[in-house]
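Here chain A shows up in two complexes: once beside chain B, once beside chain C.
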Partner chain A sequence: MPERRHLIASAIVVLLLALLPLAGSRYAVDLATEVLIYALFALSLNVVIGFTGNISFGHAAYFAIGGYACAILLTTHNWPLIFALPAAVVLAGLVAAVVGYFCVRLTQIYFAMLTLAFAMLVWGVAFKWKAVTGGDDGFTGIKLPAMLAHHVGFFYFTLAVVAVGVAALWVICHSAFGLTLVAVRENAVRAGFIGVDTRRMRWAAFTVAGTFGGLAGALFGMYHRGMYIENAYWTESANVLIMVLLGGIYSFVGPIFGAAALHLLQVFTNQYTPYWPTVLGLILLVIVLVLPNGLIGLAARFKARQGKT
Partner chain B sequence: MTLTMFTLNAFYGLALAMNMFIIASGLNLIFGVLRVINFAHGMFYMFGAYITFTVTKSWGAPFFVGVIAAAASLAVISLVIERLLLKHLYDKEHLMQLLFTFAIVLLMSDAAKMIWGTDQYSVGYPAGLGGAINLGFVVLPQYQLFLCAVGPSIAVAMWLLVDRTRWGRVVRAATQDREMLAALGVNVPMVYAAVFTIGSALAGVGGALAAPRIALVPGMDATIINECFIIVIIGGLGNLWGSFLGALAFGLVVQFGTVLAPNWQDVLPYLLMLVVLLIRPWGLLGRPETGH
Partner chain C sequence: MSTMLNIAGLWKSFAGFVATRDVSLDLKAGELHAVIGPNGAGKTTFFNLITGHLRPDKGAVSFEGRDLVGLPPQKIVRLGIARSFQRINIYPRLTVFENVQVALIAHEGQQWNLFRPGRSLHREGTAELLELVGLAGEAAETAGELSYGKQKQLELAIALASQPRLLLLDEPTAGMSPQETAATIASVRDIVKARGLTLLFTEHDMGVVFGIAERISVLHHGEIIASGEPESVRNDPEVKRVYLGEGGGHG
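Up next, the complex of A and B:
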């Protein structure tokens, strides 16, 4: 069970975020909505990376499936949101379960490349199935319930969904299941010896990651009123991977900070210079050479130093 | 498909395969010895192509001077990267090395934009190789024939270097047990630097040789790096002839795919890798990893 101070801290964060629209800045609200969505996306990927120790290069696939499915159900089929969103999330989870079934047979780079291959197939389908997905024009004009059409309404909806999603992931990652995953990550052979079906555990983790990735994607599509094939491309997978690594993979909340830092930095950098790749490249060099445990590692180091003096 | 069409497509597929092999073999060598997954390899390829453009078009030098300039420049660039930064990362996790090479990609992509802008460039066929050879039922372009000769030559040269020389034995020993090799008095960091330099120079050569075939645009590195990974993975990581086989499969699948299933060619290589990995999880000629 969560410690009391964690619960209180989370409640304060949610409350502060809920107060954000009172500041009256549409820009801030939009930015916060995006950060929330990316935070959930990054957190979902970390179930695979941080908790099983496998790198997925294809996480954008589930983001895109969730996004496209929700968009298509809402718009083409006129489903109400209350059915469309869960259906999209379930679909993303199902696809992740099928793909994961094959991927978890492999480990290391082979696992990563197989996830990439499947993700590129999803991209190919989004690209070629023009009648349904809109192809390279993207799927635009997503119909939203009136309540969510306003940016503040959508922000509260996103906040609620992301809060529930993060809480669910917290429970999953700190359950016996989550701890078993850590055991598999640390030593798959030993975990196997004590009777853990390691392949099945990694499969389950992959499915969980895909499901929540799909939820983030559904929110993303609704927020942008459209899904585009770039959202399924490997660059999107690379982006979320960097968020996770920037935040730190060995901490539950790390990816949230990584998502916020990367997204905000990108938005602000783009206002001043077209050379965002250079900025990101330098950030990555710093992470790799100086801060191998990400922002969370930096915070921990800082804390340790303060404790000493 | 008539015999002429079939021959022509098979031939173009082979030429593409050989060009890809040259690039992928460098990636494969670096992975095989250093165990580093070098994402910047595609960027090295792009620099190779752009440098060839500058040397041939802006300076008016012959094409093969451009190829040599590309190889030499990439050797220098990669040596600097290796000696200044990468050498600190060999003992870190794979993930950190991967992020590092990705950072190099980002920095070099902006550098390329500053140096060459975002225009599209092209490089002409080298003198004497711009024509075609008529075989009666089919006309084969000379430049592609040239690629079909260069690819296997490089494969054999690399095989001789790695399998038949003393230095090659040292390199192979470095893949087995780095500490023991160092204890025997071999300067292992220099071996690593040499391997990284040779592998990267191959990317430069591959880019230079690709330049007459393709349009030079920003972003040309991104598809190539994925395709090289596909080739290396299909063949079996670290296996030279595996990469050769992987490149052949890749070239033929892409070429015939473009003709038989237009617009699917972007997805076909991934489909190929998927099928291979599901049947042979460690690639065609690869062996299961034994806890590196």
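Up next, the complex of A and C:
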């Protein structure tokens, strides 16, 4: 069970976010919506990275599948949101299950390359299947229920969906399944000798990650009223990967902070300079050289030092 | 007593080097059986073949009438065979408690439960096992930071968590001090007897071997050169020549 202080802290965060629109700044509300979506996306990726110890370089695939599927069902097929959203999420999860079936046969760099290869295939489908996806023009003009048409309404919708998504991931990551995954990550051979089918565990984790990545993607498409092939491109996979690493892979909440920090930095940097890629490079350098356990690791170090003095 | 483990004509070679040569062995339920032999004799390889870590080139392994060849380790564990490793094989960054807790979770098949909080499961069972191997005081420590001897004890607790009927211990006291060795052996014997387990173990300390083994098999260059009661093995001229004569054993 979550400790009480965790529950209270989470409730306070949700409450504060819920009060944000009262400040009256559309800019702040939009920014918060984006951060929430990226936070869910990064958390979903960390089920693979932090909990199985394998780097996926193709997580944008599931984000894109969720986003396109939801967009197409809502708009082309006029499905109501209540069916379109779950269907999109299930589709992303199913594709992750199929792709994962092959990927978990490999580990390390081979695993990473295979996830990348499959993501490029997804990108290729989005690009080529113009009649359905809009190809390189993107899929635009997504129809949303009236309730969500206003940015504040959409923010509250996103807050609710992300809160439920994060809670679900929390439960999964702290379940018997999550603890066993950590054992698999730490020593797969030993895990096999206590009776765990390590490949199937990693397969399930991959599927969970894809499912929640799809949920984040569906929100993203609706928020932007469009999906574009760039959302399936490998740079998007790299971006979310950096969010996870920046936040810290060995902590459940780490990726949330990584997503917030990276996205806000990107937005602010873009206001003043055209050099975001350079700034991103510097961030990566900092992660590798001084923040191997991300922002969360930094916070833990700081706390330990304070405790000593 | 009935035959629990039946091994017939087992062969394994690594790039032309024969590590296991036509090994046959019957293990009766409830027996305490030691496999001895000089370093490199093929003891660990033999264990790896039984437990599914390696696949034999030829031969049969059957446990309680079931053919094990080709089964992956996780299936073999579920049939009732657990093992410890000569080279420490734990989760070094998890706590001592979690090391055992996960094994209990897996034994119950709860690794597929996505809802029940993992840390709340089997707290009592874990504490009991840690108590049994003398690690109750170290439960909260990071496993990798334990002394070598204690990590070996943890290996044993993890293996026991799978509630095996056949327990394979690969050099359970290697690297331990004489006191730790004596304590470990005493506790292994007590546990095995109390739970009615069958024990197959390798060990380099001849005092330990002759102290608890009811039967002994001697491996040499991958081949069993003698097998039987401790006294007959001790007096076997071939064994004396290749192994015991060398003044004990080494690893």
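Simple rule for what comes next: the second predicted complex is superposed on the first by the 309 of 309 C-alpha atoms of A that agree within 3 Å, B and C clash if a C-alpha of one lies under 4 Å from a C-alpha of the other, contacts with A are read in each partner's own complex, and residues count from 1 in each chain.
Criterion: a contact is a pair of C-beta atoms (placed from the backbone, for glycine too) under 8 Å apart; a residue touches a chain by one contact, two chains touch by 3 or more.
Values in this document were obtained by computation on a predicted structure and should not be read as measured data.
J.: Can A:Trp234 be said to touch chain B (first), chain C (second), both, or neither?
T.: The answer is first: A:Trp234 touches chain B but not chain C.
J.: For the overlaid complexes, name the partner, chain B or chain C, with more touching residues on chain A.
T.: With both complexes superposed on chain A, more residues of chain A are touched by B.
J.: Contact-wise, after the overlay, does A:Val47 reach chain B, chain C, both or neither (first, second, both, neither)?
T.: After superposition on chain A, A:Val47 lies in contact with neither partner.
J.: So, does A:Trp123 touch the first partner chain B, the second partner chain C, both, or neither?
T.: first
J.: With the two structures laid over each other on chain A, which partner does A:Met201 touch: chain B (first), chain C (second), both, or neither?
T.: Only chain C is touched by A:Met201; chain B is not.
J.: Which holds for A:Ala163: it touches chain B only (first), chain C only (second), both, or neither?
T.: In the superposition, A:Ala163 contacts neither chain B nor chain C.
J.: What part of chain A is in contact with chain B in the complex they form?
T.: Going through chain A, the ones touching chain B are 55, 102, 105-110, 113-114, 116-118, 120-121, 123-124, 127-128, 234-235, 238, 242, 245, 249, 275, 277-278, 280-285, 287-289, 292.
J.: For chain B, which residues are in contact with chain A within the complex?
T.: Spelled out, the residues of chain B in touch with chain A are 37, 85, 88-89, 92-100, 102-107, 109-110, 222, 226, 229-230, 233, 237, 263-264, 266-267, 270-271, 273-274, 277-278, 281-282, 289.
J.: Across the complex, what residues on chain C touch chain A?
T.: 51, 53, 72-74, 77-78, 82-83, 89-94, 98, 101-103, 105-107, 110-121, 158, 161-162
J.: Sort out for me which residues of chain A touch chain C in the complex.
T.: Residues of chain A touching chain C: 1, 171-172, 174-180, 182-183, 186-187, 189-198, 201, 204, 208.
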